[in-house]
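In this document, chain identifiers A, B and C correspond to the written order of the chains, with residue numbering beginning at 1 in each.
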């Protein structure tokens, strides 16, 4: 390697030159972008190794449990550099998303020592943590002998990071001072607006700015277009229906799922007058402008409709909109993105988020080595690699969002994506109250929503019944 | 039976066509889908006019799946191999254990025979989840989790009761007189069983074996809970096409076609036993 | 049959008394299954506990509380009702259809044999995948079935997504998958019936309906019972089709036992309630199969007596 190139990369490592400047400089020196990236990775690996004993666990073997997901693919593609850096061998089991969490629950509940680390969502740690299946990662993050000085824990988006930390008390605030870090965020999804500009134009409408406009536009689109419908949202009988667009909009009106009394008792909070008004609007939106078979809709149907040009808008995971804009989808390259604040009086969007994270099994036989893996996989180097070379969106580190190459890649093919993300990011966090009955509450909530949309029960009555049932379950479980 | 009127023959023909249309149309549609890209599958309104592609099969067989999120590795062929191995081994063992037992229940009224037979049946109606979760704990302790041996053992829950009870019915339909005569001629019990009873009950055994094979083939919860990724059957493998970057209907369709093929081949092979039926007219007393 | 306990020579040469032979034949099968009993009893213990994986500190025996709670739980009674309706409707329809098809294919012709094998194909598609395909075929936009329905004037037929037609839709898929199971068993049964009674009836000019109800059906009854029994056991435990199509919705329209138990275990991790639900399901199937077996044995005895 020539000295000039080395100098340039070292300058980058010291933070004197940014990534863009570095690659520009390299190309001026006649090093192509690809080769420059490889050089950079090599150098990063060397640089990483400089201040920290990465080889401490060399020769050990770890096994991961992974979901079939682009994040996992990006990690697997970069595994060699982990092996080079640490000398740790990694084996992994990949399971399809449909059955992934069943596999995790089965493996952990039987106390299996097979897996050292695994992918999870933050909601699931509300079960795994109290059950004693996963380790509180603060122990490692805060230990300078175990965590590299370059890990930059502060670099993580604060709302995302906090959403993965909970003190284990039913109703305890996420990210509180006494919270345990049950998992490390890896990649995340904001629930915001993806739309089809051509179809929207056909209807003669603007991108809706709030829920009332959305109801009107979606209804009009369904009526006028004769085929495609207005707004795609999930509707299956599952927690996932509540967690996506629904809770994002709900929170925007300042509404809560549950309340915690001073003496630590949980109670349902979805039967307030404001909540009832909101539910009424949401139900109307689906009835007028939603998919006809809404109540069977999971994320992949919402997404494939968008990708096939069968819906005008989608209020769901932004990364689902990202993927539908590529591949062999009919609408590839034809979709656009916008932030969405449902409440006209709200200052900014409040997207509820899904966070794919990494957790450490408490049954792992070598936790220190496992932490090395988690540390590397959630580190800035891998995040940059994934974001620029693979489809590792959305990254959870602020530095990656500042990366010019990454922003340019998004701005080129995904109009409005970065803006939607940046506008929403300050308000992006989990808006659910963490508690052991999370899945009971949300599944029943979804079932009630289905009954309202199908006109089996009026909104007011349905919510009162729901609240009553949830309160009864809290009492039974000793929580209310 | 031969004196069927023309009207009846027409009615029968119409009924048969309706039956074939109802049961085969979805299959035909799946086959058609397996030659389409996601884009043409997801077109409104659905159409039978498309330019066929072999992409889906190619992806499954080579293990490289191209999606919106780049190329994914899939282990579909390995899944298929696992299914073949697990189902075959399970059914063979179930036949080995079940057929003699079925014979015993059919031919011998012994103390507790009905109780044992019923207990064996009752394994079939324990909901799999109920048994599976505590079982995964014990498997962990016994070192059986994530082994083919453990899986095949648990698959007996599906295969054994089915084989036992269906084959038992067939044995009971065969008159014991022939066997009796053979025994009196000085042949051993085992020879009688092998030379007389087994061939006579052949069709029943073939039908029960095939059905047990199909049920074992379609199962996925056992392997999912008890084994790691490299031992998963095709039913779990096919779910891999519901990916984070969208659902790959074309590949799911191709996966279904590929997963039906071996079972269909087996059924066609076993056809003469299956549908020839028993020619028991002479045997039955 | 001689009940004298004379020693018999077996193939391998050593002697097993006639009395023990049936035990020797049936015990291996029993032994292989007996291991399964241990986890079963563990699950029974769970069902008497307050046991949520997410609240390990609250785990304790609450004796019958999980069961007693069901008495006042409308969701449970709904589950019971739906499960029984689902099982009843699918089994009756599949039996009628399966018998009809078996009768159509009874004659041993090439085409009949071919058709009977082809008809097994739905059974060979894993129910979870079959349900995924049906979900696509009934999608109002891309779905071929929705499209065909609209051609015959059913413009807004909502299949599994409407509470009015959800049961109908999953029953339809169940019929599609499992009717071949009954068909093939009954076909094998039909073709193995002795020919003499039919020949005699034909000679005497007995009306066909009489032949069917008085000869065919009674002789076929043991086969019908076996097929029905297995179908019933599976149907009341249906999970794959319902979960993949609707996850138990819309509302609580299709929350059958296994769907509830699955959600209770894997999502809510409420092991106690989940186990109690499954024990009740087990008890129901136990009682049903007991009734069936009693009748099956009685019929067998009678058939033997007549023979």
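The criterion applied here is as follows: a residue touches a chain if its C-beta (ideal position, glycine included) is under 8 Å from a C-beta of that chain, and two chains touch if they have at least 3 such contacts.
From a predicted model like this one, the values you see are computed outputs, not experimental measurements.
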Checklist entry - Counting C-beta pairs in contact, does B-C beat A-C or the other way around? => result B-C
Next on the checklist: Among all chains, whose Cα centre is located farthest from the one for chain C?
Outcome noted: A
Item to check | Computed distance of Cα centres, chain C from chain A, in Å | outcome: 41
Checklist entry - When the C-alpha atoms of chain B and chain C are each averaged to a single point, how far apart are the two points in Å? => result 15
Checklist entry - Which chain B residues reach two or more other chains? => result 42-44, 133, 137, 220, 239, 242
Item to check | Per-residue multi-chain contacts in chain C, two or more chains | outcome: 141-142, 265
Checklist outcome for this item: Shared-interface residues of chain A (touching two or more other chains) are 102, 109, 227-228, 301, 308, 310
Item to check | chain C partner contacts - residues on chain A that touch it in the complex | outcome: 101-102, 105, 109, 126-127, 130-132, 227-228, 235-239, 291-296, 301, 305, 308, 310, 436-437, 439-440, 443, 446-448, 450-451, 453-454, 456, 476-478
Item to check | Footprint of chain B on chain A - complex, ascending | outcome: 67-70, 73, 76, 93-99, 102-103, 106, 109-112, 114, 227-228, 300-301, 303-304, 307-308, 310, 319, 323-330, 332, 390-391
Checklist entry - For chain C, which residues count as touching chain A in their complex? => result 52-56, 58, 69, 135, 138-142, 156, 158-163, 245-252, 263, 265-270
Checklist outcome for this item: In the complex, the residues of chain B that touch chain A are 37-39, 42-44, 66-70, 72-73, 133, 136-137, 139-140, 145-146, 220, 224-226, 228-230, 232, 236-237, 239-247
Next on the checklist: Could you list, by residue number, the parts of chain B that touch chain C in their complex?
Outcome noted: 1, 12, 15-16, 19-20, 22-24, 26-27, 29-30, 33, 41-46, 97-98, 100-101, 103-105, 107-108, 110, 113-114, 116-135, 137-138, 153-154, 156-157, 160, 162, 164-166, 169-170, 172-173, 175-176, 180, 188-191, 203-204, 207, 211, 214, 217-218, 220, 234-235, 238-239, 242, 249, 252-253, 255-256, 259-260, 263-264, 267-268, 271, 274-281, 284-285
